[in-house]
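One chain, chain A, links the two complexes that follow: it is found with chain B in the first and with chain C in the second.
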Partner chain A sequence: MTIGGIALAIGVMSSAIAADPIKVGSVLSVTGPAAFLGDPELKTLQMYVDDLNNQGGLLGRPLQLVHYDDGSDANKANAFAKRLIEDDKVDFIVGGTTTGSTMSMVPLIEKAGVPFMSLAGAVVVVEPVKKWVFKASTTDRIAAERVLTDMKKHGITKIALLSDTAGFGQSGKAQTELVVAKYGITLVANETYGPKDTDASPQLTKIRNTPGVEAIFVFGFGQGPAIVTKNIKQLGITLPVYHAHGVGSEEFIKLAGPAAEGVRALAPALMIADKLPNSDPQKPVVSAYVKAFEGRWKEHVSMFGGQAHDNFFIVVDAVKRAGTVDKEKVRDQIEATKKYIGTGGEVNMTAADHMGLDMWSLRMLEVKNGAWVEAQ
Partner chain B sequence: MLAQLLQYLFSGLTIGATYALAALGFTIIYNASGVINFAQGEFIMLGGMLAVYFTDAGLPMAVALPLAVLIPSLAGLLMARLTIEPIKGAETITLIIVTIGVSLVIRGAIQVWLGKGSHGLPAFSGDIPIRILGATLMPQSLWVLGVSALLVLGLWYFFNRTLSGKAMLATSFNRGAAELVGINTGRVLFISFAMSAGIGALGGILVTPITLTSFDAGVMFGLKGFVGAVVGGLGSGLGAVVGGLLVGVIEAFGAGFLSSSYKDAIPFILILFILFFMPRGLFGVKVTDRV
Partner chain C sequence: MIRRYLGLYVVAVIIAVLPFLIPNGFYLDLAIRMGINAVIVLGLNLLIGFAGQISMGHAGFIGIGAFASAVLPTHFGWHPFVALVAGAVLAGSLAALVARPIFRLKGHYLAMATLGLGIIVNIVLRNEAKYTGGPDGMPVPPFTLFGFAIDSDKHWYWIVSVILMVSVWASINLMNSPFGRALRGLHGSEVAAQVVGVNVTRYKVAIFVMSAVFASLMGSVTAHYVGFVSPSLADFGHSIELITMVVVGGMASVFGSLVGAVLLTALPQALATFEGWETVAFGVILILCMIFMPKGLVPTLAARFGGRRE
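Let's turn to the complex of A and B:
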């Protein structure tokens, strides 16, 4: 009986070891002001964790998603990061939806040594380089440089910047101010608007009356840029209008209506998935993601869900290459990521670059006949 | 320079007209019950969101828009019946907190039902701006200003020339005396909530083509409307209209001449100054309290 008991115990233990899941930690802003970012991110992670489990898991072990919602509050993100590391003992972490949440988690993660893929936007996450922190998603600096490159190409040298007063716009504004000179462009007007403002015509009137403005650069996301675009047309301003990477969606065209015609905006290839030529290297990954996400959740994809996809698979690939979830080895493999094609572009990490994307990963789109097309 | 001034003025008057309608909503309910209804902004949002919902559902404008006014009015009525009337004897501050609770419920319900996105309506008579002395004015702004003016006239007529209106005025002056002469003050409460909600909703529908709307659009409209009502003098109809317009215009000029960063702060600084120098607002009635 004793022998039987021991045998049983061993049997239970070994099956427990075989089924011992790989724990994917995640702190996302699924509710609160950043919910429109965190919600598709969580849905994407849930979907692919289920998918991988149906295909036999990772390294023969099932995946378990341990997720906390920080409610768009950076303080909570810090507490949850602690819980993920100390109580849940996760193998790696994907998430930190906002820059605030991410930066509040970074010190704990650096101390504990857990591979961390952030989904946040600002460049401070990966600059200066932190040993355990990676982020394969676009930054505001890349967006600013991409827009300025296009302006330079069109011979534009004097621009007006209109940015929102929330984190996204303010960070974008700071980055734009930092790099304009490099492109021989001067900011002759620099205005802001509140993300919930219902009218930006006073600011635009000011811009209209500023001599020498050759183009308007709008840095914001959500409904603000749509209102700004409408106001621009209403005031009879005919200057070229550029948007950063926060508006490349069907919703923007619907909100701005006919005023959107001719507007330029940045977006990852994901936002023009159905219009990409078959020769495009991103076509397969982008189409597969759109099909999977829209099939499962019955809603449109967003670039934020796409970023969750990319960051998740970069670490999954790293685990596969490492053949273990040993944290140090997984980290080294993430850093060795080369030519990973994701929804947001091609990722090439190095010891000095924990983001791995260049400015060409963002496509310059233009509204033509009421739809986004790639600008020529 | 003139064009610039005119542009700020147009922009300010259009937005100010919605603040004025919100302020009128505050005033009507305040007069009937002494309550400051912080759910007023939500009725503005409800009007816009429902108009979008019904037109997207394929209803013609002529049906969708009246429905989008009617339903918020019913919501206002329900609010008075379910949350304000049962605790009628409670302190004003309690009632005000209840209205904040109601506003959270309405906002949350719409967020769950219609989602977190922003929505717009097509302008009623086209998108071609009218040029006046170098400034541009949208036809939709004329709709907002025109309908608001008609509403104000209608309300003036209602309160000064009809029995129900006079009964409401009487209630606002002295509830006890009004009850003694046979006015049903309970009914006055219901009418005031339904009216305020309807006016707010109408305002919300009119500005949606200009400002877009979303589940949380009511917060700022409510707050600015409240500032308008206080600036004009709580309880004064004329004050509400002037106060609302003033807030809109000052905001637009502030954004144009000072800095757009301070735009939202300007109305709140204004309220501090007004309360400091004219505690009863611009058109507030002088009241002497006996001790």
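Let's turn to the complex of A and C:
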């Protein structure tokens, strides 16, 4: 009887475990200034959690998305991270839309030991390497190096840097200054503009009057770079113009108009999904994501939603390989991610590199006849 | 004497029992944040509720304390305790420096001036990226005292509790001292206060400095407790949040400050599951509070049940 009882108890327990959902924790900036990043990220996570559940879940268990909106406030993100870890007892966390939110969550996550995939941009998230923190999304360092490589290839040695004064531009400026010498390039002019400025002519006039400038590198986000591009045309500057990874959208071409012609910018393959050749290794994943997202939400994809996709599936794959949601094992499997092809490029994690992308993950695009094409 | 401290004893009992009732670390974290906010709101209520002055930039002082505790130990190797004191001194001096010109203003103009002060602090924190990490913020080393690192939530709970108890005790005594009576006097009528010999400017400056120091100290505690600071600690929204706590809890009420801080710290967490509707629900609750209890929760309830003045 006792043995039967134990067997019964074990049977009941294991079926209870089987029905227990795997909890996916998430803190995103769905409202506030960073909402344009957080909104597509949340939509992507909701979509794929539903998808996986329709396909029978993960390890035979359903997934449950536990999401909190930090309102773009890093201090709120910290409180919600605590809640995810201590109260909801999530199995892993995807999110932290901004660098500030992510970094405020990191101390808690490191202490508690929960696999964490950040969606933030800056390189400080993964440098120095933190045991539980990963981020398979592009960084400003990669963007800077990718642009500088292209400049070097074209024999450019003296450039002007124009960056915005918000977090994105300032972090990008710092990274560019850090690596520029490695490519034998000197910054002969180094200017900034406010992200809400409606005119950057004074800075550009100064750049035009600086002797020896061979190209202009704009590190900015949103409408600022479009205004800068227009001003460049208005001032009759004919130097090559490079943008970082904040502008590769149709919106930019609409805003900048004919001035956008010939401008170069970085973007993940996702932004040129329909123009990728069939031979491109990213073609299947990118097309599938675009189809799923635009089908469900009736709006254009952005690289941020794409990053949510990549980071989410890296953990999902890690859980599958680990065959358990044991945090230590899942973490090890995330670190062992090799040749994962996502919307943002090929990810190869190592113990020393918790980002796993190289600079070639960003494509160099060029505006030709009013549309983005991959630059040759 | 016993009646004066009755509320204090109640708070002490709640603080002592609470750790045994809460189910997990998240609620302990929430309790600590409530305690931190309660001390700040207490200081702010001395200024707004008792002295009748307004500060729309109070989060700026929290920012000063928080970033003093983050920047000085990280970049200059200061001991965290020295950094905490330095932050409080800096916030206090800044308050004293600007108080004289600012308190020549009244009403809307005073609100505007203090608002500007808070915004300036926020801009400095955002732009001095070399030291403050800019808009992304920076990590804070743990607080050490006599060689021990204070890094467990339990420790912080008791530390914040002690600070809270001392603050409540000090506030009660302050308000019943000649200083407190003078403050209430100038709240009622500055001219009348002046006529009976109260140095109005001196008292206003003193209370402003005091509440700035309260805010700065708790900013430092927040920084060490959370382990991370970002300039959003010092932004306008945070200042408004604190004023809301004062108003909802009850102006010129020591225990109103506590109730306001506790409620408004818990509310966003309670509403977080509403997915997109939390701000709407938050707004509706505030509007209802103000319509039905314009004096704030504690004074309204106290008047209804027994009319005891605390």
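The rule is short, and it goes like this: the second predicted complex is superposed on the first by the 359 of 376 C-alpha atoms of A that agree within 3 Å, B and C clash if a C-alpha of one lies under 4 Å from a C-alpha of the other, contacts with A are read in each partner's own complex, and residues count from 1 in each chain.
Convention: a residue touches a chain if its C-beta (ideal position, glycine included) is under 8 Å from a C-beta of that chain, and two chains touch if they have at least 3 such contacts.
It should be emphasised that the depicted structure is a prediction, and the values quoted were computed from it without experimental measurement.
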Report clash or fit for the pair chain B and chain C bound to chain A in the combined superposed model.
fit
State whether A:Gln282 touches chain B only (first), chain C only (second), both chains, or neither.
neither
Hey, in the superposed model, what angle do you get at chain A between chain B and chain C, Cα centres, nearest 10 degrees?
60
Once the structures are superposed on A, label A:Ala259 by its partner contacts, choosing first (chain B), second (chain C), both or neither.
first
Pick one for A:Asp73: touches chain B only (first), chain C only (second), both, or neither.
second
Applying the document's definition of touch, where does A:Ile227 land relative to chain B and chain C: first, second, both, or neither?
first
In the superposed arrangement, does A:Gly194 touch chain B (first), chain C (second), both or neither?
first
Partner chain in contact with A:Phe36 - chain B first, chain C second, else both or neither
first
Figure out whether A:Glu251 sits in contact with chain B (first) or chain C (second), or with both, or with neither.
first
Least C-alpha distance (whole Å) that remains between chain C and chain B when both complexes are overlaid
6
Where chain B and chain C land on the same part of chain A: residues 165
Considering the complex alone, what residue numbers of chain C touch chain A?
24-27, 29-30, 33, 127, 129, 134-139, 226-228, 230, 232-233, 237, 268-269, 272, 275-276, 278-279
Give every residue of chain A touching chain C within the complex, in rising order.
30-31, 67-69, 73-76, 78-80, 82-83, 85-87, 98-100, 103-104, 106-108, 122, 124, 165-167, 170-171, 174
What residues on chain A touch chain B, complex-wise?
35-36, 165, 191-194, 196-203, 205-206, 209, 222-223, 226-227, 230, 233-236, 251, 254-255, 257-259
For the complex, give me every residue of chain B touching chain A.
4, 7-8, 11, 14-15, 116-120, 122, 127, 129, 131, 136, 138, 207, 210-212, 214, 216-217, 219-220, 252-253, 255-256, 259-261, 263-264
